[in-house]
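Two complexes follow with subunit A in common, the first pairing it with subunit B and the second with subunit C.
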Partner chain A sequence: MIEVSVKLVSIFAKYQRGRDTSKVTLKEGATVLDLVREFGLPEDHVRIIAVNGKQESLDKVLTQGDSVFLFPPAFGGG
Partner chain B sequence: MKNGYWQKMLRVDLTNRKTSVEDIPEKDLKRFIGGAGLGAEILHRELPGRIAPYDPNNLLIFGTGPFQGPPVAGGAKFSIVGVSPLTGTFADTAAGADWGPSLKDAGYDFLIVEGASEEPVYLLLVDDHVEIRSASHLWGVNSFDVVDAIREETGDKRLSISSIGPAGERRVAIACIAVDKHSFAGRCGLGAVMGSKNLKAIAVRGTQKIVLNEAKKAGELIKRYRQEILETVKANGFREHGTPGLCETAEGLGDMPIKYWAGDVWPEGAKKLGAPHYTEVLNARPLPCKYCPVGCHRAISITEPLEYAQKGIGPEYETLGMMGTNLLIDDPKAIARANEIANKLGVDSISVGAMVGFAMECYERGWVTSKDTGGLEIKWGDPRALIGLVDQIGKKEGFGAIFADGTLGAAKKIHPEAVKIVVHCKGLDIPAHDARACISLAPTYATGSRGACHFRGGCEDVEMGGLYIPELGISKGTVKFFEKENQSMLAAKCQDFFALLNSLVLCAFMVDGGGMSLTGVKELFNAITGWDYTIDDLMQAGERIFTVQRMINIRDGYGGETDVLPSKMFEPAKEGFRAEKIIPFEELMEDYYLLRGWNEKGEPKSETLARLDLVR
Partner chain C sequence: MRPSLLRNIKRLATTETAPDGEPYLSLSTKATLRLARSKNRKLKDVELQALESGIIPERYQRNIGTLGIEGQMKLLQSQVAIVGVGGLGGSVLELLARLGIGKIVSIDGDSFVDSNLNRQVLSQMENLGALKVKAARRRVKDINPAIETKVYSEMANEENLPRLIQGSQAVVDGLDNIHTRFAVESACRKMQIPFVHGAVAGFAGQVMTVFPGDKGLESIYGARVFSGLGVETELGNPSMTPTLIATWQASEVVKILLEWGNTLRNKVLVIDLREQFMEIVDLI
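== the complex of A and B ==
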């Protein structure tokens, strides 16, 4: 198993559902998509992902201690 | 003609107190669509060359398109074109509420105001009735109260009213045009142009219904799109939280301005300013424009603390950026107060926030002291400084009066080094999106026809995953943060696409957030006009429109040598998502010019003008 942290902000904040997002346990070899499904986020809304401060995609394999930021889609720039 | 247009333009000459109705040839509409597009073409044709913004010969061109008239979701919008007192060149600004459809219902596609009245006046247009009425008793009234006053004195509560506040009257160069106490044609200072014409307001109502080419099909599409957009914005949180929902994403990606563009990260600030916190503490609810299922504007209600209590219009993302993180202020209620003052005095909340940030940096550097400001301390993070200075700038009083000609104008008076720290393009302050994070904004800002503008592009919303246009090859993965590939293409295509949207006139949030597709736009356009345009035809119209705007810029002295970014945009962050990243500006601009078909001086080549049917 691995332990990662995830940041869920703005319109994604409600998906935390009281869980401690600083310590999320996933199976070895889990991807960002597995993390998205773990929290029940709508997959098509997760378009911009950062792992350890670098842009990645849903199929990125996570490792112990990774810090994941799942950004809600950014419309309404006006 | 059954094409969704009246093909009628009302011209009002305020100098000679004359009004006339002119025909608009269909070929002009086919090439430039309407709104900001035909507005640009008219400006290019009728102004012989560079003109001083407060010269009575400057024009104020209020334009609609084929999407005004029928109850199109996102069709409440209209465009205003003129020469900006901030930049001295082409400006287009847009607003919603009710005014665009009302002008159309009154029987006009366009209204042009020229000349200047000797005394303050307002225009009253109700169907065929056109009247220039005295506004001397309304001069000095704020932009909200004047709406009530005009409805009261005419006995017509259904009038839609575009107006200026004291800032426009006093020719503050960032003065906006306010609409129905609800929406604001904010940028570029066309409110000051209106003030220079002694024009306080334009009140419109109409009862005429435009004829569409395929009315039944258009009606079905309109109904279907409204329902689809409503379902989309309920599902993605846009309706519930509006643009404040963007704050934490933008900050997380290094896109939000922090400490007048000198800061790198502030997640705590973004969390307090943005939704869901914003929605909760300001009791925010959607406030839709006419026909709109999104309701991006926020109706807010604040009861405590008493000093910030109000029921009114809440600040948007841009304002939360420019008056919030930009100033290290994290209190959304304080910003709501400053926003209210800006709205009622009638100034652009983006530019006034930029001005306060600039002032705070000058204060920190010791270029401005409390002696200059009459005792007002302009410190980072202090809401009293924000509120005090917005009030002064809007009234052109006290220290704030130094900003009457824009941030650049103030900088020239404050200190010899101050001009170097102003964050602008062509004199228009950069809005709350950092080109160091979303690098497609680099060519967008540098070449923007009205100056630095994110929403004459929208490319940052593509980079941040909110807007895709698959018909143009713009989808997830088309661009990656900080990598050059496809970024200039994205900038150019988005500029053309938004030029099209601002000519139709369609609110971008139907597409950007609402999920409406470019194909859907095309289908509706063709059902209304009967012109059978392809997507390429529509995008070529967008490119033609952007290019005419560029031709005005060049005529006014803004060519390739002014396609630049301010020096702060080349200072990398030390931490955060964009740590150590530097915009590859020269490469982006080289790609951009190539894609545009411009020469090395940034001028459209003759073959480009020929392709776009712009050879005069």
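== the complex of A and C ==
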């Protein structure tokens, strides 16, 4: 098992559902997509993915201690 | 160089003391207006002539410490286009006008509606139903009549964009839909103009600067056509986020025009005020 942290903001914030997002346990070899599914995020909205500050894709394999950020980019011009 | 104009600028300049205690030569706004009128010159030309001689038009005095006299002159000689003058674009317009960007092009085919009032700085009771670009032109004139304005009451599209943004050194994204954003980015790419993207939803938003040749919008929205609605349709647009993102966009514009570097090029800045969160992601 590995432990990662994930930051969920904007419309993703509500998917935390009280869970501690600083310590998320996933199986060895888990990808960003597994993390997305773990939280039940709407996959089509996951457009900006960063692991340790660098852009990655859904198939990126996560490792122990990774810091993941998932963001649904805004469309609006205010 | 017009010797008589310069002579008059020098005659009307006064010695003032900056907040840091340093003396400087100042030209008041009243004197600038008077000279422009009596010499039949553009206000901007009077300001540029003063700056060239080390005399600071008082309206820019608080810019100079950061921008420098040369930087202020460069801004006055620049042209920036804003595509969409709603929440983001209206606030960018305000900031650029106060900075002294020499020519501002506003592009928007919309008129103000009631639901704009909660956030769009150009909207007010008396201009509901009126064209947004008309309010844009009025606002610039009210703040800084030295600035030239060009307004287009047209919805930007692939066909008209080359004509609308021609001559601009930066283009600002004030749009509310992806399709037009990609069209603007594409036009900017073809015309070799940097593009400052911004978008907002609820308490969150993002900013990215795209130079010609960069991957740009595709790197944050993806190449897939988005089938659903934007997240802002759920979260709405409260007043704080557009002004925040607009501030960041205006700052990017200044850095582009003055070639300062350190822009959000190949990076996306994401902010969520509700979550007290800010992150800059390095894009591939």
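Heads up, the rule we're going with is that the second predicted complex is superposed on the first by the 76 of 78 C-alpha atoms of A that agree within 3 Å, B and C clash if a C-alpha of one lies under 4 Å from a C-alpha of the other, contacts with A are read in each partner's own complex, and residues count from 1 in each chain.
The rule is short, and it goes like this: a residue touches a chain if its C-beta (ideal position, glycine included) is under 8 Å from a C-beta of that chain, and two chains touch if they have at least 3 such contacts.
All values reported here derive from a predicted model rather than from experimental measurement.
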item: Touching partner for A:55 - first (subunit B), second (subunit C), both, neither; value: both
item: Subunit B versus subunit C as contact partner of A:9, first or second or both or neither; value: both
item: Partner chain(s) touched by A:47 [first = subunit B, second = subunit C, both, neither]; value: both
item: Which superposed partner A:69 touches (first subunit B, second subunit C, both, neither); value: both
item: Residues of subunit A at both interfaces, subunit B in one complex, subunit C in the other; value: 7, 9-11, 13, 42, 45, 47-48, 50, 53, 55, 69, 71-78
item: Of subunit B, residues touching subunit A in the complex; value: 235-238, 240-243, 245-250, 252-253, 255, 271, 274-276, 296, 316-318, 433, 454-455, 458, 460-461, 464-467, 476-477, 480-481, 508-509, 512-513, 576-577, 579
item: Residue numbers on subunit A that touch subunit B, as the complex places them; value: 7, 9-11, 13-14, 42, 45, 47-48, 50, 53, 55, 57, 69, 71-78
item: Subunit C to subunit A touching residues, read off their complex; value: 84, 86-89, 91, 119-120, 173-178, 198-206, 219-222, 226-228, 230-232, 234-235, 237, 241-242, 245-246, 268, 270, 272, 274-275, 277, 279-284
item: Partner subunit C, residues of subunit A touching it in the complex; value: 7, 9-11, 13, 42, 44-45, 47-48, 50, 53-55, 69, 71-78
